[in-house]
Every structure is written in C-alpha cells, then in structure tokens.
Amino acid sequence: MTATEIIFLLFAAVAVGSALLAMTTKQLVHSALWLVVTLGAVAGCFVLMTAEFVAWVQVLVYVGSVVVLVIFALMLTRQQSTISAEVTGNRWTAAVLGLVAAVGLGATVVSGFHGERIEGNRIGTARSLGEAIFNDWVLPFEILSGVLLAALIGAIVISRSGTER
Amino acid sequence: MNIPVDWAVVGPAVIISIGALVALLVDAFYHRRTWLGSGLPAGIALVWAGFELFRLHDDIVLLPMGELMFALSLIILGGTLVVVVASNVMNFENAMPPGEYHFLLLAAAAGALMMVAARDLVTLVVALELLSLPSIALVGLRQGDRRAIRSAWTFFLASVVSTAVTLMGISLLYGIAGTLAYEGIDEGLRDTDMPEGVVAVAVVLTIIGLLFKLGAVPFHVWIPDTYLGAPIMVAGFLSSVSKAASLGAVFTLLAIALPEAFDTTSALLAVVAAVTMTVGNLGALRQTNAIGMLAWSSIAQAGFLIVPAAVFTRFGEDSAVQYLAVYVLANLVAFAALAVVLRLRGSTDYSELKGLARTDPPTGVPLVMAALTLAGFPPAVIGLVTKYVVIRPAIEAGETWLAVVMAINVMLGLAYYLRFVAVLVDRPAVDDPYRSPSPPVSIRISKAAVLVGTAGLVALSAWPDLLLSNLP
Amino acid sequence: MPLLYPLVLSAALFGIGLYGVLARRNAVLMLLGVELMLNAVNLNLVAFDAWFADQIHTGQVLTLFTITLAAAEIGLGLAIVLALFRAVRTVDVDEVGAE
Amino acid sequence: MITAALTIPFVVGLALLFLRKLVAGRTAAWLGTVAMTAALVLFALVWEGKDKISGEVDVAWIDPLGARLHLGATALSWPFLLMTAFIGVLCCVWLIADDTAPALVGLVLIISASSLGVFASLDLLLFFVFFELALIPMWFVIAWWGSSTVRSSGHLDDGSGFKNVPAEVTARSAATRFLLFTVTGSALLLVGIVLVARDSRSLQLTEIGGGPLAAAILIVLGFAVKTPLVPLHTWLPDAHSKAPTVGSVLLAAVFLKLGTYGLIITSTLLSESFADVAPYVAGAGVVGIIWSALACYAQDDLKRLIAFSSIGHMGFVALAISTMTDIGIAAAVFGSVAHGLVTGLLFFLSGSLKDRFGTASMRVIGRGLYARTPWLAVAFVFAAVASLGLPGLAGFWGELLSLRAAYEVGDVLSKPYAWTVLGFAVLGVALTTAYFVRAIRLLAQGEPVAQDVDRDLDLRESVVGFALVASIVVLGLAPGLIVGLYDFQPVAVGAVTP
Amino acid sequence: MRSRWLYVVLTAALAVAVAVWAIPHLDGDPSTKVWVEGNDLLGISLATHVDRLAAQVLLLAAGVGLLVQIYSTAYLGHHPRYRSYALVIILFLLGMFAVVAADDLFVLLIGWEVMGLCSYLLIGHEWETAIARSGAAKAFLMTRVADLGLLVGILVIGQTYGTYRISEVLAQEPKNATAIGLLLLVAVVGKSAQFPLHTWLPDAMPGPTPITALIHAATMVAAGVYLVARLLPILVASELVMTLLALIAAVTMLLGALFALVQSDLKRALAWSTVSQLAFMFAALSAGDADAGSDHLLSHGAFKALLFLGCGCVMHAVGSSALSAMGGLRLRMPVTFWSMTIGFAALAGVVPTVGFFTKDSVLAALEHGREDGPLPGGVALLVFGIALLTSFITAAYATRLWLLAFLVPAPEGRAEAHEAPRAMTGPIIVLAVATFALSIGQPFHLGIGVLSTVVAAAGIAVVLVAWKRRRDVDLAAPWLISELWLDRPYALWIPATMRSSARAIVDVDRDGIDAYSQGSAGAAQLVSRILALVQSGNVQRYATVIAAGVIVFTAAAVVLA
C-alpha cells in the first residue's frame, strides 16, 4: 500500500464524512461549509489521480464561487419562521434510496473494475487539457459557452425584481 | 482517437444562435418592447436555418442516421418557427420580455438541433443542457406568477437530477468503452469483457436523461405541473420540439452507440412505452382543462413514440419520424389555438371552450381537427395512418402484445379526445361573454398560422402519401 | 493505486447527494445535494481518464464541462429559488408545493 | 361510378352540416333523399355480374404502406351495398318533417356513405378508415338526438326499473359506451390488419391469402364487438334504445352488418386460421340466440326488445359464417340483408310509436293497437312475424340457410358440435316466436284503451313502411335474388372452404 | 253488404279453379309440374304434384272453404273486422292448397306455416277477450315448435336424398327413415294435436265457429295426416316410427274420446272428438294403409265440418256454446237438428253414413295389419282393441251430446231460439247430403262392419238407457273433467320457467356480463384519480419518484441482462 493510496483513503474518508454532515446538519451555513470541505477533499483526490488542472478548477469554481453564491442565497432566503426540522418527512425514503443507489453503484463498479490499478503516468496539466479541448472538444466547448450565456440571461430574467418597468 | 466534428452539420445551429443574439439585442434597443421586435429576427433566423439545412441535405444524409437527423432538424426548426409565430398572442406587455423570450427559445432550439446532431456523449450532454436550461428559464419567465415559478422550480430540479443520473451513466460507459464517441462506444462494447450487468447499468442510466425529456413514465411527473404553469407556447415547445430532439438523440444513440445492448434497451423501452402510453391516457381521462389534457396526452403520445425505438425494425426510425411529424403539427396547432383562446378568454377550461367550434370556428375547428389527429381517428385520416405506421414496427418485430397494448390505448385516448371534441362542438352557453368586434392583428396572425397548420392536417388526411413518401 | 478507490468513493458521494436532494427541506440545500452527485460523477470520469491514460483526456474534459454545467445550473437554480422565495415567501419545499 | 355513388352522399352530407343554418329541415331531408337515391341507383347500375369485380376503381393512395384507393362491388358486398343505400334513402324519407334538424340529415348521409365505403372498399386500410369514419357521426346522432324519455329497465312487470334519469345523460353515456366498445374492437382489428399485411405483403382483398392465427383472433374480436357476439354485446341495447329512430335503424340495419360483412370476408380471406376460431364464433352466436331471446322475453321497452332480438339474428349469421361453406356464406349475406330490412321496419315502427307516446315502453303505450292505430298495428305484426322467421318472408331464408349450413357440416366444425349447436339454434327459433307473440299480445291485441295521441301512420311513415314490407315480401318469395349469387366460388375472396 | 259477397265470390273463384285443376286427377293419374325451376344453392323449385289423394283433399278444402265463407257472411257478416277475417280465410286456403299440391318440400313448409299463422290470427279474431288471445298464442307456439321438426326433417331429407322434390324422393329407395320419420312425427303430432301436444286444439275453440269447422276440424289439423300419408312410403321403412305413431294414435284416440265424454261445452267436446278422430286416421296410417287414413280424413272433414257449423247455428240461436244453455231445440230449429243428427250418426259410425264406412276400413286396416304391415303384430292388435273401445265411447258421447243439445228440456228463462238464416243452414244441408253421398263406392268389410256396428250400438244404448233411467248422462269423473292435468306443463310450468329465466338473464346481462366493461371503466377512473394524487406539486416527491424509477429500471435491466 503506497503513500498515495493512504492519502487518498484519508481524503476519501474526509469527503464522505463531511458530505454526510453537509447533508444532515441543521445549520444551513454549516452544511454549505461542510460541502466546501467535501469538495476540497474531492479536489485532493483529483490531484492524487494526476488531474491537477481539474483539481484547481474544482477549487476555484466551487470553493471560490459556487459556495459563496449558495451562502448568499441562504442569507437572502433566511426566513423569520425558522424551519423546524432541516429534513422533511421524506427522509427515510430518501435514506433508503440513497443507500440503495450507493450500494448498487458500488456493486456495479466492484464487479466491473475490481483488480484494476491506476498507474498515474500522464499528468492532466492545463496544457494537455487545453490541447485536448481545442483540438478535439471544440464543438461541445462552443455549445457550453452558449449554455453559460443562456443560463446567465435566464437567471437574470427570472430573478429580476417585479418593480422594474 | 479523434472525435469527428462535422462543421457542416453545425450550420443551422450556428445561424440560430446568431439569430438568438440578434433577437436579444434588437429587443434591447427597440423602443417599445413588443413581440415583433424580437420575433421577426427570430423567425428570419429560423427560416434561414431551414434553407441552410436543405443546402446541407446531401452532406447530412451521408452521416450515419443522417436521414433521421435531417428530418428531425426540419421538424425542430418548423416547430420552433410555429412557436415563435404563435407566441405573438401571449401578452408580453406585462411581465414577459420578448427579447429574452425569443433568445431563450432559439437557444433551446439550437440545443435541440445539436442533440440530434451529436455523435459523442460529451456533445450530447452539453446540448442537452443547452436545451434544458433555457427551457427552464422560459417556463419561469412570466414574472410575479407563482404558478410559473413553481413550475420552473419543479422542472429545474427534476431536470438536474436526471442530468446527474445520465452523467453517472455516461461516466460508467466511459469506463467500459474507454471513449465517449458513439462509434467508439460501439466498438468498446463489442470487445469488452465486462459482466452484462455493468454494461446494462451504464446504458440504462445514460438513456434515462433522454427518457426524462421525452416524459416517459415514471419521469413524467414534472410534465403536468410544468405545462400548466408555463407560458402556453412554451408548453407547446416542450411538448413538441424538445420531445423531437430527445427522440432523435435516443435513436442515434441506440443505433450507433448501443446496438450491442439491444436486448437490454429493447426490453426496457418496450415496457416503458407500454406503461407510458397507458399512464398518460389514464391521467388525461379526468382532465377538464385543455392544457392539462394535452400535457397528459403528450405523455401518452411519447409512449407511442418510444415503441419504434424499442423494437428496432426496418421501419423503426421512419415510422417514428412520421408519427412525430404529425404529432408535432397537431399538437402545435392545438397549443396555438389554445393560446388564442387563453388570450381572449383568460382560461382554457372546458367550461370556457364550450361550443367554441360554433362561436369561433377559426380556433375551434382546428382544435377539433388536432384532437382527432392526436386520437388517430377519421376524418383526421393522417392520424389513423400514422397510428398504423407506428403499430407496424411492433408487429414486424413480433411484439404482438405491445401492438395490442397500443390498440387498447388508442381506445383510451379516444375517450378523452372525444370528450374534448364534444365540448368544442357542443351548443354554446347562451350568454357568451366573448364577442370581439375586431380582433387585434396579433390574433389575426395567430389564427392564420393555426389555419395554415390545420390546412396541412387536412391535406395530409386527404393524401397521406405527401408525408409518408417524403419524410425519410 | 486501485481503480476501485475513487469509484467506490464516487458511489458513496452519489448516494449521499441523492439523499440530500430527497431529504433536505431547504431548496438551496437540495441544490447542494445535486452538486454532490455531479462531483461523484466527476470522480468517476477523472479516475477512468487516469486509468485509460486517455490521449484526448475525454474524462477530464468532460469533468471540466460538468463543473461548468454545474455552475450554470446552480446559477439558474438559485435565481429560481430567489424568485420562488419572493413569490411564496418560503423555501420550504413542503410549503412551496402546496397550492 | 362507385366513386360518384360514394361522393354524392358525402358531399351533400358535409354541405348540410356546414350550411345547417341556411336550409330548412324538410328541404334538407329531401336533398338527402335525392342524394341517397342517386347512390342507390348508381350501385344498382354498377353491377357487372357475380363472377367479376363490378365498377372496380384502383388508384395509388399510400405507396409506402401499399394502401390503394381500391373500390369495387363483389358478389359478397353488392347486396350489402344495395341494402345500405336503400335504408339510407328510407332514413332520409323518414326525416322529411318540419322538426328535423338539417345537421341530423347531414350526419345520416355521412354515416350511410361511410358504411357504403366499408362495403365497397377492396383495400383493408381503406376499409378500416371508412369503418372508423362512421363512428363519431353516430356518436353525435345518439348523444344529441337521443331519447328524451325516462329510462325503462328490462324488467317484465315490476316498476323498479323506472329510474328517472335525465335522458341527455343516459343517451350520451350510451353513445360513449357504444363508441368505446366499437373502438376497442376496431383498434384490435387494426392490429390484426397489420399482421395480415405483414404476412401477405399486401392490403388488397384481392391479393391476401391467409394470415396468422393471432390476426384471425384479433380481427374476429374486432368484428365480434360490432356484430355483436355475446358477451361483447352489452353496448347494444342501450345504444339502440337511446338512439333516435334513424339512429337505431342505421345501427341495426347497417352498423351490425359492418361486423357480419367483416366476419364474412375474414372467413374467406384467412380461411385456414379462421377455421381455428370458427367453433368459438359458432358457440358465441348460438349462446347469443338463446340469451337474447330470453332477454327479449323480459323486456318492456320495445326498442330494447328489438335491440336484443338483433343479437339473436346476428347469432344465426355468425353460426352460418362459422361453417365456412358456400351455403354458410349465402346464409350470412341473406340473413344480414333480411335482418337489415326487417329490423329496420321494426325500428321505424317503434319510432312512430315513440313519436306518439314519447316512450317505447309497451306498458305506457297500452294494448289494443289493432283498434287504435290499425295500420300501424298491422305493419308491426307483419314485421314481428317476418322477424320470427315465418316462411315466405325475408326473415326465414337466412335462418333456414344457417340451420342447413349447420346441418350439412362443412369440414370446419365437427359433426357432433355442429348438430348440438343446431339444436340450440332451433330452440332459439322457438323462443323467438314466443317473445314476439308476447309483444303482439301486449301491443296489438287486448282491450283497447284509447289515448289522445293515437294517430295512425302518416304519409312518410306509410311510404317507408310500405317500401320495407314490399322488399321483405319480395325477398321472401324470391330468395334466389340473393342466394343466386353464391352457387359458385365468389370472386375477390380466397377459398371459401379451406 | 255487397262487399261481403265479394269475398264469397273470390273464394268461389278460387275453389272452382282448384276444382277444375283437381278433378281430372281423381281417377288417380298423378301429374307433376314445375312452374319455376330454382337452380341455386337453395335448390327450391316451385313444383306441384297432384294425385288422387291430393285431388280429394284439394276438393275437400275448396268445398269446405267455400261453404264456410258463405256461412260466415251470415254468422260474422256484421262484425267490424269481417274484411280482414274473410281475407285471412282466403290466405289460409292458399296455404292449404300449397301444402296439398306441393311437390317441393319447402313450398309445402311455406304453406304449412302460413296455415299456422292464419290459424293464429283467426283464433285471435276476438282479440279483446283474454281466452282468445291465450288460445291463439298457445296454438301458434305449440304448432310452431312442432313445425321446427318438419324444418329439420326437410333438411335431413334433402341431405339424404339429394333433392327436396317429394316425387323424386319417393322414387328412391327409403333411406334414413327413422331419423326423418321421428322428425316428421314431431311436426305431425303438433299440427294434428296428437298426444302429447294435443292440448292446444280444445283451447283454440274461442275462435269463430266457422273457423273451427274449417281449420280445426276439416283441413289444417288434417294436414298432418296428409303429410304422413304423402311420405308413407319412406316412413313404413322404419318399424320404430310406425310403432310410435300407432301408440301415439292409440293413446290419443282414447283420451280424446274420454275427454269428449265429460265435456259440458258442446264446442269443446267436438274439439276433443276431432282429436280422437284424427288419431283414428293415424292409426290407419301406422298400419300402412294410406287409403283408409285418407278416406277417413275426407269423411271426417265432411261430418265434423257439418257438426261444427251446426254447433255454430245453435250458438247463434242460444248465444252460448255451453250445453247447459241448450236443449229443447229439436222443434225450434229442425234443419239444424236433422243435419246434426246425421252428423252425430256419422261420428258414432252408424250405417249408412260415410263415418261408418271409413271407420270400418280403418279398423279393417288395423286388423289386417296384424298379419302383414309395418307394425309388430302385438301392437296392431292392441291398437285394434283400443280403436274398438274408442268407437264404443265415441258412440256414447255422440249420443250424449245429441241428447243434451236437442232433446233435453230447455232451461228456464231462455229467450226463444230461432232457426239460423239460410246462408247458414244452406251449407249444413250440403254437408249433410255429402255425409251420405260420400258413402257411395266405399269399401266394406263384413266381419269388421258387424263388429263395429255392435260396438256403436252398445255405446248408444248405454247412454240412452242411462238417460231413460235417471234423466242424467253426466259422468262424475273429476280426473277426466280436469283432462288428466295434461295441460299443466304448457299452461303453467313452461311459461313460468321462461319468465323467471328471462328475468335472471336480464339481470345477469346487466350486472354480470357487463361487469367487465363497467369494471374496467371504474378501474381506469380510479387509476386516473391516483395519478392525479401523485401530482402533489411537491418537487421532492417528484424527485423521489424519479429516483425510485431509476433504481427500479436499473435493477430490472441488470436482472434482464
């Protein structure tokens, strides 16, 4: 068992734990912060899997922007009547389904990919990914720009306050 | 290996995207924000894209499933155009910015085109999102309308969840095949030594996103709420264009990437189709609102649409496209006519529609014709013929049970379509609130569009060959 | 390192995310659940990419795209949630739904 | 020529529908009469002989499906065509009155025309289109012009059944039941057609040779609903009794024939696989005979009674078809046509009664019609006697031929089975006599209690009645007119006996 | 008034035409003629075959028909529905002629059923009265049910002999005789009111008396005899059929005579005697002697028509057919008295009336049938004995009726009766004459003749003595008066069964059979409601449904794969 593996397992443990907390804690903001931890840990895993660039993007986009957004949203929608329980009556169903999903996927991957190993020899640097994107994945990349624009405008239109014009 | 990017294919989509931007900008600087300012450029863009599509016809048909792609792109463009034209009766004045409306509409249309054109899963996913996100925005567009925003929220959450599921499937597929290009996946699946189960999981999860867009049971839950809350023509768009796109995607995916997994997919889809059409029809039985009825019926129709995909025979995609074309036309005629009704009377409840075919033939008669077409019942012969066309693959594939289920569903469908028709041609209420001395021009335009569509249905009914010999 | 590590981790995260979506009462936190599910997907993609040593980095590229899509989605989603909050003065999904 | 015969009623009908505001009911009915008469004459003239397809029209229609606009009159369909056109004419004549709704005339024309289309089409898909085309108009006929009286239960003499249901509701629900039943059937029929088309790679009646068992089952099911065969008959009594007079007439005289004609051509086209289904058809038919006869015995509503009796007569036809012999075919065609005329007359007369008394309940109408409305009563007794199959009238030969077909077993049914069935059929004849005698006793005979609405037949009623009586007598005395068509292998159908 | 004679003229023309057609064949050279050749699947051709038998029956029908038509002008002339009445009689005669002259079995069947219909209409002529309605319905139903036997029988004949022409059938060797015979027996037993289908004839008496004379005495009921006589060559081939026929005849003649003996109603008594006399004919036929049977048919036609018409005169006079209302008419209506006396004499079989001779030859046939003939000797002997017994009873009841009708003192307070008008007496006289005239040239068997005369005399004597003794000839035998309850099944049990089963069927049809459609409709509505419930608007529920769906699908796929 190499060092990377040990570190990966540690990250994994952190990710799972914090994810669980993020999904269960009663404090809205806490759960957002726990999510940050999870995503960070996942980013760590990325690094260990030789995907540096992805890891950085993950940290920047999520920790940098998404979570901030989320926290703002939480602030904005903080309501006077604080919600009693942070989880709905649906939670047992949810728990079962989540568990089944996890176990099912786990079983699938285990039966499919057991015994395989990752020899991290080809580092996913910004350059290599950039080449890949602009040589081979231009089309989806272009479309993606469209998606972003559309989402942006959609978000603006929807969230504009009723008073204007 | 290298992902083939056939730029020729992208042409129409690019034009539409440009059109979308133009519409946005024109509207932004156009002093009085009415439908015309942005609708016109949008319409022009769509028509132009249509020409472009025809120009590229020969290149497109050379691609694998090119015929299908061409036909569906055509349907998508036409459908969107109808939506744009018919949208003009919706009151943009308060709470619905036409520029953004048309921008989002065209963006979604572009996404639809790309879904059909996609030949690798990455493009597919991104295109799917390009279709979804603007649609969601469109649903929630009407401002200060609780119902609209609630629908948007419903649609959004259901959509992102299913996207996540699909992505999970894709990732597994990637793990199995080592690539996300369709041909590559085919090869990968052919010479993989994975257990069947793993492949099955990956395939099913991947397809689910598309089934969701089609509105197959049990991924239909979002449809009734969304259609009822959305601006009416947006509902029309969802029920026609985005269904067309996802159907095209399903076909292409199954035909090029997943022939190996045919046993899994066909068995699954057959069941899904049967359940979907039944649930849709049963759900529609008790509807007393035209849009609610159409929402459920669109679920049922989706069931019929899936059948050819389930049984992949020599008639498969042809019949699907022919059925889809007629369905889209009839459905849009219905929605456009209802848009007029909604504008004039503020509701599409049956109580409002009573005797419409007598008091206001230009909207009522098309509704009757559309309903009969959807029911597949003469005098709308074309509807019946397409029912025949769509039952045929099931029979060819020896799935007689499926054919029988379809038959029974034809009956179920008639039950509520006929109720709708009966309401329309019934003797009108004595004191009819609405008497418009001279309808505004927008309504005239819409009615004209509706009548054109109806004329199309009538023509097809008189001579179904027009459709059946010319679509692929 | 064994390929299974990231895959199993992703499976776990996916399940947890799903639970979050289905169980969280606050609309915003449901979104977070979605994010978690997407991240699980990313883990898979990256892992396979590394495993195949994919020449064209299919996996990692798709990961990037997914992250972007996730950002777009959450942007739109939050907008909707805010509008919803403005409309019905709550983000409690149980109350939002009730007519 | 056939095209013209089909188009004229269609066009006139549509015109009447859309211009209903402009024409008076009486004028509309006259127009309809003229149109249908034209159709009748044309179909009579088109005949070229029993061994060829008369007035064949064959135009490309839907190439990808191999469907063609293929029309023509064969020895099998010609009698049906004439009968349908004839009934159509009479329905229009019947409607020559001031209170007639032009739209109703239009619908009647469209229904008749599309039924004619069914009989005339030699292409399965075209056949199916016409088959469906007639349904929705019929729905409106029943639902809108349906009976406006209290609902009478089937019971013999307890008043329990007289629930005072608003007629609009019941007529409409009856119409919907009728439609849904029929459409279920025809949907299965569609599947069957696709199966046949797959096997014999053609939709032309002239080219189809056989089909799989599944097809036979589905198609027979489809037609069995329409015919109707027990237990798929439950739509019929309500529909017939709720419908307006012309509606009932068209239903009984024409619509049921769509079913029997369908069964006939199925038995000839899919002979091999139909042979496997035939015993069940025979069984259902005979059960229907007994069942309906007993049900009739307990009816108070005259129209319900006639409706049930139709089930019995169709049972004979089904029995005849299931033998799959030449005689069986002749019997089926004769039985269908005769039933069209006789039951048409019965429904017209009960319509007259309903016009006068506002209901068809024999209890309400009262006894002694012999004295109160002599001609009406005589006509009714004549119709009843014809319907119970008195030799020398049209009703007899159909039954006789079916019994004979059942006795001279073809090679389809086993002898013991066929003879058992025969026995029950004979019993059915006796029961039929019983309930018609009962009806005559309750209506025509008895101490007359005059009511102020007692009016004897007026002119149009007399015309219709006389035409039908005459045709019944003619067919009764010269059965060869129809039977003569079948002393050979009919054209345009495969082997009659497998 | 003139219009009434119009129908008489019509009938007369018909009768003359038939006579002209028939008479040449009396000397027994048969002629077959095909008027319309049917050459289709039906194989029906409008063909006639007239031989001596047919000619005789044709003349009988024509004659009696004409007389009855004349008689009716007076008897029923003022009835509001006289026109339809007279027309139906003509229609009936046509039917009868069709039956008699037909060579094609289907033509025969048509005539056969037309007669049945006319009988139904005429019995129900007084349809205001309940007994007329029920009597008519009963007659029609029982005969028609029996006719189905004939129908099927014809099918069998056609299948067996490959033709429906009687002449061609008879030209061939008898085949399949038992089946055909049994089926025909059913029809015959029904039409001729033989046991066990004999109960309709007495109940048919509410019909107008002339009709009874024509249809229910002279012609229609005799058609059964005629049919058997016509097809005898086939039937004799089956011993079973003949034995059955003989036994039926024996039972019927005895029962008929016994019932006739105790009736308190003249008309009904005559009806029973008709039943019994018809049985005589069948007995003769069962012995294989067609001539004896047909001869008795003719003579019975004559004297029974005479009796009924006379009975009509009496009813016309006293306004009732109850014996209690009669008596003391001998001097009041001499013509009627004397002609009816002749009639009764013929019925009792007194020399030299035709009744004596024909009954004589029937007995002879039976006695003769003991040695050779289709019947087993024992059966023939039995029937012979019963025939003798019956003729004894016949003589007895004839005498009794004669006494009660004419000789017993008239009841008090009865309006004075008058002789019937000439239009009614005329036909009676004619028939009375015929009763003697027909005797000419009848065969005569000494031994049997003496025997039967003795028996008849004994019968008459017994009654006369009884009357001399104690002024009373009524037989106190409730089991006979109730006619042995043989009518129970037809009057009560069968109708009750039908009614109850009919109700049951209607209920089952509505609530049982229809359940599947009602049920499926309800189920559809239910599911629809459930689906609507799922649409709660709660996003999380939707997401749950979706997730669950995904998992189920995936699981299914894995299982399938």
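Chains: A, B, C, D and E, in written order; residue numbering restarts at 1 for each.
Simple rule for what comes next: a contact is a pair of C-beta atoms (placed from the backbone, for glycine too) under 8 Å apart; a residue touches a chain by one contact, two chains touch by 3 or more.
Predicted model, so just to flag it, every value in this text is computed and none were measured.
> Which other chains touch chain A while also touching chain E?
Common contact partners of chain A and chain E, which must touch each of the two, are B, C.
> Ranking chain pairs by contacts, what comes out on top?
The chain pair sharing the largest number of C-beta contacts is A-C.
> Centre-to-centre on C-alpha atoms, which chain is most distant from chain D?
Of all chains, A has its centre farthest from that of chain D.
> With centres defined from CA atoms, tell me which chain sits nearest the overall protein centre.
Per-chain C-alpha centroids compared to the overall one single out D.
> Measure off the straight-line distance from the CA centroid of chain C to the CA centroid of chain E, and report it in whole Å.
96
> I'd like to verify one number: the distance from the centre of chain A to the centre of chain B, where each centre is the average of its C-alpha atoms, in whole angstrom.
32
> Can you compute the centre-to-centre distance for chain B and chain E, using the mean CA position of each chain? Integer Å is fine.
It comes to 78 Å between the two C-alpha centres.
> I'd like the Å distance between the centres of chain A and chain C, where a centre is the mean of that chain's Cα atoms.
Each chain's C-alpha centroid was found; their separation is 5 Å.
> Enumerate the residues of chain C that touch no fewer than two other chains.
Residue numbers touching two or more other chains: 7, 10, 14, 17-18, 21-23, 27, 30, 47, 51, 56, 58, 61, 65, 69, 72-73, 76, 80-81, 83, 93-94, 96-97.
> In chain A, what residues contact two or more other chains?
Within chain A, residues 88, 90, 93-94, 97, 100-101, 104-105, 108-109, 113, 135-137, 140, 144, 147, 151, 154-156, 158, 162 contact more than one other chain.
> Return the residues of chain E touching two or more other chains; collapse runs of consecutive numbers into ranges.
537, 539-541, 543-544, 547-548, 554
> Specify the contact topology among the chains shown, as one of line, ring, star, complete or other.
Other.
> Between which chains does touch occur?
Final set of chain pairs in contact is A-B, A-C, A-E, B-C, B-D, B-E, C-E, D-E.
> Contact residues on chain C for chain E in the complex?
Residues 18, 21-23, 30, 93-94, 96-99.
> So in the complex, which bits of chain E are touching chain C?
Against chain C, chain E makes touches at 536-541, 543-544, 547.
> Okay, in this complex, where on chain D does chain B touch?
60-65, 114, 125, 128-130, 132-133, 135-136, 139-140, 143, 176, 179-180, 183-184, 187-188, 190-191, 193-195, 197-198, 214, 218
> Given the complex with chain B, which residues does chain E contribute to the contact?
Residues 524-525, 527-529, 531-532, 534-535, 537, 539, 541-543, 545-550, 553-554, 556-558, 560-561 of chain E touch chain B in their complex.
> Under the stated contact criterion, what part of chain C meets chain A in this complex?
Its residues touching chain A are 1-29, 31-33, 35-36, 39, 42-43, 46-47, 49-51, 53, 56-58, 60-61, 63-65, 67-76, 78-83, 85-86, 89-94.
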